[in-house]
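Look at the two complexes coming up: subunit A is in both, with subunit B in one and subunit C in the other.
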Partner chain A sequence: MGRPAHPQAMAPSRPGSTRTAPPELPGQFPFAGRYRGYTLFAWTGVLYLLLGFLVLRVVWALGESPQAFDSVIASFRNPLYIVFHLLALVGVCFVAVRFFWLFPKAQPPRIGPAKPPPQPVILAMLYGLWIGVTLLLSAILAGVLF
Partner chain B sequence: MQGLLLKLEPLIWLVFGQGIMLGTILLTGWLLVVGVAAPLGLVEPLGYERAHALGSNLIGRLVLFALIVLPLWKGAHHTRHISIDMGGGDRDAAVAPLLYALAGFGTLLAALAVIRL
Partner chain C sequence: MSEQQKKTFVVTRFDPDVDEVPKTQSYKIPVEPDWKVLDALNFIKDNVDATLSHRWSCRMAVCGSCGMMVDGEPKLTCKDALSDYGDTVEIAPLANFPVIRDLVVELEGFMEKFQSVKPWVIRAKELAVEEGTTRQSPEELAEFKQFSMCINCMLCYSACPVVANEPHFLGPAAIALGHRYNLDSRDEGAEERNEVFRGEGTVFSCSFANECSEVCPKNVDPAAAVNQAKFNAVIDWAVGLVLPRGGK
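And now, the complex of A and B:
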């Protein structure tokens, strides 16, 4: 297996004689037109990064002691945490809707001998999985199941 | 460092993609109950005994590990791209290793956290 190509591998060693315009940002970037969704989708990365560490804090406390765990769970009653979690919930739902909308369109026409299912079927499967797992996990965490 | 990042790119894209897909699917229920409904008093908050019983078996550990690690890598990779889009590629040599190191450190702590349950 060869080495990965350097990103500038195809760049000419000297500037060519053809003049090119300097790169510039599109006029609608970052929050107008079709860039709004793209930019917001990428900004959810900050939310996910924080959420990952927040869940880590809960799990770490769970392994520490009952007092540490109860203290972390109690801290979530702070209005700032509730606002953050609500914002994160909106962000996570936005990521789901946007990604599920994109996913069927990004499928290749064929995967080996098989054709992927029609786009509406893929979409229904993704939404079914999302809603199903969310209901199951919510029921378990809320003490309705198990 | 850029060479190493290029070598790791398939792995980073794998966990980034699963962070969007599985991370989102898992986070929704967690946020609904642990982040919103329980603090608002709509459902009973998760008690230690029950949480430990749910989280300390193999499936529980795997779910908790995924719930931490996948959002971290999705977050790190998307935040890297926001940094490039907003500030140009010049800073990427510093930003990308920093964000991936943060996600890597979180992954290590997540592994320790689920092992010690």
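And now, the complex of A and C:
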């Protein structure tokens, strides 16, 4: 038998005259079949939480002194930080690709008189924007721009 | 002549008068190459164990009665070829639903959710008979036709992780149906339904797992409907906030 779902899942507001067996979760949830991707997607939230703490640490050091800021930035050369940032990059790419896959069909057929462009065009726009912003940021970080 | 193939069916059984919790029972039966999963269940019911309870009706993927979990996935058993499965097939009632008996689930909760989205054409003023019918162009029909193909088989509810954990969630089929009427050019009730959609446990509870669309046997794509409904509910709210008299 499977694991239990919420005991009130899909239950009527007033119980019927027959005793029922409690609802069960889908057998593949959360780590098998297609649920694996969804669960991984949800778990990337932990990466973002940790990244958020890192950003707070950098901002805090920035407010303390230039030396404290340099020290925090220098600490990111630690292999553990490098592994963490690579993991975060993979997580961000995974979420972006999943978002781009689902976003086009979430567009309503029209907003007032305006109709959204066809789904492949929306998809191309999203990927184009992603590549453009990545190139722009890379150029800034490499000192080519500004 | 080759020997007829046999398959073992591990079927969930539950008798509310006797069983504390559901159990499983195995049946090894001869099967035909062209059978659907439902054919095997009907064979068991007719020839092996008449006490087995399951719902079915049309046998052509129209009535939506025969949804069950087959090897852990929600399937319409009259549409699902038995040849796609191995020698042992597990059949259970739809996940996320209370079970009345064997493979039969409680539908009342689903019907309540369905009604709450007002799934009918709402008109501010009905046309008089002499005024004729409300016309609709093929382009206007195309905007919602996909969402009107739902057969209420409830596979989407069975696959949805939010339904499993949030009892108040209206769920994919009900929201898709409400959205279908919101998109209907003859309807004037979008404001009422968007009010429902902005409430607790509605469109914004959906985490876009997309499982409802993956399992839908009629390609309705309820995940698209739910997320389009989110968009429209926000637009509707924002317009009401910005424009005088709520943009009316």
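Here is the rule we go by: the second predicted complex is superposed on the first by the 128 of 146 C-alpha atoms of A that agree within 3 Å, B and C clash if a C-alpha of one lies under 4 Å from a C-alpha of the other, contacts with A are read in each partner's own complex, and residues count from 1 in each chain.
Keep in mind that, in the parts below, a contact is a pair of C-beta atoms (placed from the backbone, for glycine too) under 8 Å apart; a residue touches a chain by one contact, two chains touch by 3 or more.
Model, not experiment: these values are computed from the prediction.
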Tell me which partner A:V133 touches in the superposition: subunit B (first), subunit C (second), both or neither. first
Of the partners subunit B and subunit C, which touch A:F69 in the superposed model: first, second, both, neither? first
Name the contact category of A:L145: first (subunit B only), second (subunit C only), both, or neither. neither
I'd like to know which partner A:L89 touches here: subunit B for first, subunit C for second, both or neither. first
Counting residues of subunit A touched by each of subunit B and subunit C, the higher count belongs to B
Is A:V121 touching the first partner subunit B, the second partner subunit C, both, or neither of them? neither
Does subunit B (first) or subunit C (second) touch A:R19, or do both, or does neither? second
A:P30 in the overlay: touching subunit B, subunit C, both, or neither? Say first, second, both or neither. both
Looking at A:A11, would you say it contacts subunit B, subunit C, both, or neither? Reply first, second, both or neither. second
Subunit A positions touched by subunit B in one structure and by subunit C in the second: 5-6, 29-30, 42
Residue numbers on subunit A that touch subunit B, as the complex places them: 4-7, 29-30, 39, 41-53, 55-56, 58-60, 62-63, 66, 69-70, 73-74, 76-77, 81-82, 84-86, 88-89, 92-93, 95-96, 99, 129-130, 133-138, 140-143, 146
Using the touch rule from the top, collect the residues of subunit B that touch subunit A in their complex. 2-3, 6-7, 9, 19-21, 23-40, 43-52, 54-55, 64, 67-72, 74-82, 85-86, 99, 102-103, 106, 109-110, 113-114, 116-117
Quick one: in the complex, what on subunit A touches subunit C? 1-2, 5-6, 8-13, 16, 18-30, 32-35, 38, 42, 102, 105-111
Within their complex, state which residues of subunit C touch subunit A. 12, 14, 16, 19, 21-24, 69, 72-74, 92, 95-101, 105-106, 108-110, 112, 143-144, 157-159, 161, 163-167, 171, 183, 207-211, 214, 221, 223-224, 227-228, 230-232, 235
